[in-house]
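Chain naming follows the written order as A, B, C, D, E and F, and within any one chain the residues start at number 1.
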Amino acid sequence: MTRHDGRLADQLRPISVQRGFTRHAEGSYLYSSGNTIVLCTASIEPRVPPWLEGKGKGWVTAEYNMLPGSTRPRKPRDRGAKIDGRTTEIQRLIGRSLRAIVDLTALGEQMITVDCDVLQADGGTRTASITGAYLALHDAIESLRQQDLLPNADAAPIIDSVAAVSVGLVDGVALLDLDYQEDLVAAVDMNVVMTGKGRFVEVQGTGEEATFSEDELHALLGLARGGIKSLSELQQHELSR
Amino acid sequence: MTRHDGRLADQLRPISVQRGFTRHAEGSYLYSSGNTIVLCTASIEPRVPPWLEGKGKGWVTAEYNMLPGSTRPRKPRDRGAKIDGRTTEIQRLIGRSLRAIVDLTALGEQMITVDCDVLQADGGTRTASITGAYLALHDAIESLRQQDLLPNADAAPIIDSVAAVSVGLVDGVALLDLDYQEDLVAAVDMNVVMTGKGRFVEVQGTGEEATFSEDELHALLGLARGGIKSLSELQQHELSR
Amino acid sequence: MTRHDGRLADQLRPISVQRGFTRHAEGSYLYSSGNTIVLCTASIEPRVPPWLEGKGKGWVTAEYNMLPGSTRPRKPRDRGAKIDGRTTEIQRLIGRSLRAIVDLTALGEQMITVDCDVLQADGGTRTASITGAYLALHDAIESLRQQDLLPNADAAPIIDSVAAVSVGLVDGVALLDLDYQEDLVAAVDMNVVMTGKGRFVEVQGTGEEATFSEDELHALLGLARGGIKSLSELQQHELSR
Amino acid sequence: MTRHDGRLADQLRPISVQRGFTRHAEGSYLYSSGNTIVLCTASIEPRVPPWLEGKGKGWVTAEYNMLPGSTRPRKPRDRGAKIDGRTTEIQRLIGRSLRAIVDLTALGEQMITVDCDVLQADGGTRTASITGAYLALHDAIESLRQQDLLPNADAAPIIDSVAAVSVGLVDGVALLDLDYQEDLVAAVDMNVVMTGKGRFVEVQGTGEEATFSEDELHALLGLARGGIKSLSELQQHELSR
Amino acid sequence: MTRHDGRLADQLRPISVQRGFTRHAEGSYLYSSGNTIVLCTASIEPRVPPWLEGKGKGWVTAEYNMLPGSTRPRKPRDRGAKIDGRTTEIQRLIGRSLRAIVDLTALGEQMITVDCDVLQADGGTRTASITGAYLALHDAIESLRQQDLLPNADAAPIIDSVAAVSVGLVDGVALLDLDYQEDLVAAVDMNVVMTGKGRFVEVQGTGEEATFSEDELHALLGLARGGIKSLSELQQHELSR
Amino acid sequence: MTRHDGRLADQLRPISVQRGFTRHAEGSYLYSSGNTIVLCTASIEPRVPPWLEGKGKGWVTAEYNMLPGSTRPRKPRDRGAKIDGRTTEIQRLIGRSLRAIVDLTALGEQMITVDCDVLQADGGTRTASITGAYLALHDAIESLRQQDLLPNADAAPIIDSVAAVSVGLVDGVALLDLDYQEDLVAAVDMNVVMTGKGRFVEVQGTGEEATFSEDELHALLGLARGGIKSLSELQQHELSR
């Protein structure tokens, strides 16, 4: 089977990363995976949500949004009373993924919000958001360290890295990193979030009007594990520059 | 390790099912799993959502809600502009799970909404909702058949059964069917939806501020598979009475 | 004139009461009047609304809701920005009715919310809600007394009982306790709320595109008085078990 | 007992009526009862609500609002998501009162909206709104007749007049037409809507944290009957000028 | 060129002013410019917005609204989630215009809200609102002085007067004070706000699907200057009575 | 007087323009003016708003938004019921500015939405949005021409170019193109929108708690004229590449 863009079944799309794309947020990356482009900014605020006040812990949260011009046809802006269920799900997923690799106590009573705004969508926007959000979060926490704003100079709030990738079944074949065209025809769609050390954070496999066997589940998890290993190395490389 | 209610690690809570609990909806079950009680009603409407009109297919959707008195302290009613992200996620999950075992074309241009209203909550409300919703959906479709309202008398809109259960890691031990008290301390929480024929519909494993290994993932999936087998048999038994 | 279900003009529908239907709320009743079924739960919170703070008084309030599956066709869920005017009217009525028989000072600075969720609707849901809500409120206050959470052990926050019934003019005949089918064709619809001691709390008589004479008003009030006497005795009986 | 403004127990406040106060709406009255001032405008639209389309009937509805400057302290404007329960109740009452005296079939497929905007509030705003709204509605229907826009030139859409007044128990004494100061201390508050021919449209008696006897109910109804008789004559007089 | 109502190009519509139209707000004017009628009330509250607390300054703000019956056809009431963009723009403009002539420090920590409710609309409602709002604001501040509620008895919170007028290009001719009929066909519409001392507060010139030259801009500004001079004198005269 | 960034009083910030920044929208520009960065995308839809249907005309509209990470501190996302008044004003201004230079009839019955999403804010975001939006609009209309989707191949929907700039009074000195730091301390702030042919589209001069003289108005208008001339030439140059 040949993929429409010539990739192998276990091949990621080309990644490009632009550090410091904007300057007000403490961390800011323009992250592209193929034709999916996400602006990930991490902003620090010297407060925590009300339910965390006085507990000596910080908080990391995320918001996700697709710009109207990121799709064709144009996607109406998510304004007004009705928030999109898909948007809510995705931003909760990003937030959980980041918190899984942060020691919130070592962060101290401050809050980091990572905004993932999709400038161009071609499938995999949620996994690109997680992978890019980790980079932005890293830089924001680094800026705290450099300004001596962490409660303990020796402690490391970041205890692992995190990245994500989608896998899916298309015509019965397990494929890595689906783009929009592949996503449309996939019978099963799975998003996997893993740390750099190879531990799972989230596994979300879904058949829309379809089901999958245990063997298919294992094939998909194997593909994902390989893809995330590459993404973790790329993150490592980018941050060490 | 002993569970606080004396169950074994791989033991479900006691299930009770009351068919025809109310009479206006075409399917109506009061479904209890331990102290979790959900009213599942399936209502038929002779229309489909706008985006499905004229395609000769039906639709199955779900709504989930917790009554204010279902928890202590009382849960404020989900009214007004801000819909709860958790509620949205759960009702989308229930809907997808049901659609995975329905042949929407065999249903014809009609819509079934399954409402899952939690009367009492003690953990596992989303999985109890799915397991009970299948029963209500079954009766609603049966009532269509009996009234000759299916497009093809020979076709079977229901192609499999579906049930769900939660599993989780508590103090490093994999447990089946967590109640609220166990859920609170679980490091990893996983919801698995499977059909009666043993195929996966959804796998959602989540570590909140925690991660899990491949071995742990497999242990959890094994437990879930066993629990769902029992639930499927119970459903079968209930519907054959 | 014969009523469609064989009742006499001054006859109530059969009542059934299930105490302790759920366990988290301090008072919980499944209350049925004919085919109308309401779940009434009374939940205690150790606070009062902002405008009552520091005044040494408690508060009793109510919320009313119809579950989607309680009617045929299904009633869309009351979510989002636009709250139904009818719902607002009814829950304000229930709240006022309960407060009329409670000594809020003897309750102390705590708040009881009675939730009336209609599981099945067949007319008279607001009056069933009031009659059932009184029972749930009673148990909640009793639980406060048993836990010694009332400011004065000798004072009695509940100073009377309260119940409600509908009456109406159908084809010029005054009928007690209208069901849905009768309600639809009634020219005048009146809801009466009275205490066990026979004093009025509310009288709401309404002609939708119709009017009524003074004689008709008196006939309706007489019927209501009789019906509420029976309901009060039933409440007394239920609580003394 | 002397009332604070010197009125007798059964005496109305002075009424003033200014016809044609504005010119765009087909009926427009500035209606004052003591210090309560309401602008009532009746606007015609050549359509009916969706659920009435094609039935050959018209519709009459009302909206009620208090201007921010109508009270001291200023009342925040009723904008945004949360509509005031009291506002909803009142405008539904006004609408029902008007429809009780209109033959909607004789009106034809058109809709009249009567807006009651309170410019200054001193108690009795809902009853003043009903009494003034009738006048505005009358003129709007008259303008339809003059422009030959009624389906049947001989039929009379208005079949009676309608007016309203409040009565209440203050220190155990029944008083007619309460102003704000009296309303605040009334144990029981009752609004009565009657037609010019002396038939009831609505009776709404409410005890907030209080109850009332059958004798008190009759005394209040008697007072209301007298007050509405005077208001009906005043309306008649005004419209015949 | 003759204007449809016989006015000269540089002639204002007739103004009428009724002081103390209502009594609860500290300043209250019924202000008419031709057929445009606005009720302007200024209400004092002994607090400031959160962001001004503790700064020793007061605040002046405005709200603008058109009553439903003020236009033909009836304008739907501005309720619910979606606030009209035009309304927002206008009330921000009125607020800024008033603050330009008030010394907020001399006002002390109190807030004045000026409500401009349009009872009848015939063009120029925003400029009539500003001109009338100044009068109401003046009386509210005067009432503070008389009750000795200003922080410094010698200081004058009002440092100038303010008034506004519209000008526009109709068929290439610059006209003063457009009414609705002229507004509809104007290629360019400009609102000018000026103080009694002849200084600009706001200049807002807009071509909807049209543009204008520098010469036209100057002609319009000249007309506006003349009109505002007359309005300022009228305000002066009114307040000195 | 020296400006903090060394510019002369009549000097624009450096402009940078990146054409085709994203690929789904028919026109897409990353437009930067100093540290203000706006993504302007123009999307075509084959429909018009309901009130324009069947009139043979097209429509051009705009939406404006600031991304949360575009400012420090982070700007909360504009979600939920309350839309920001400033946002509404700005996007209406952008829409009017674009429509002033488009022949809507030559566009045919289609709609172009220009989205201006501010990625980084440093003052002048609304004027940068207008200047960049023109470029995106141009490319979208060009793509219509190339696909032969204009009703008349010879007609030119774009009849002029449009650009905008801010000017203001800082310490009594008129400055061109204020950045955020200058904007904060400006007594008067004016936004001017002009066409490439030198005609005004909008003039919006505002003193927040300040006023300005006729001379100052003229000085500001002169500066703006010069700045817009340069911007128009830059647009011309960019589009001719």
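By our rule, a contact is a pair of C-beta atoms (placed from the backbone, for glycine too) under 8 Å apart; a residue touches a chain by one contact, two chains touch by 3 or more.
In this text, all values refer to a predicted model and were calculated from it rather than measured experimentally.
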item	value
Superposition rotation for chain A onto chain E, Cα-based, multiple of 5°	120
Equivalent interface positions on chain D and chain E, same or different at half	same
For chain A paired with chain D, centre-to-centre distance based on mean C-alpha positions, whole Å	60
Length of the line joining the C-alpha centres of chain C and chain D, rounded to whole Å	28
Gap in Å, rounded to a whole number, between the CA centres of chain E and chain C	51
Junction residues of chain C - those touching two or more other chains	80-83
Contact set on chain C toward chain D in their complex	81-83, 85, 88-89, 92, 96, 99-101, 104, 160, 190, 195, 199-214, 217, 221
Chain D partner contacts - residues on chain E that touch it in the complex	21-25, 28, 35, 37, 39, 41-43, 45, 63, 65, 67-74, 77-81, 83, 113, 115, 117, 119-121
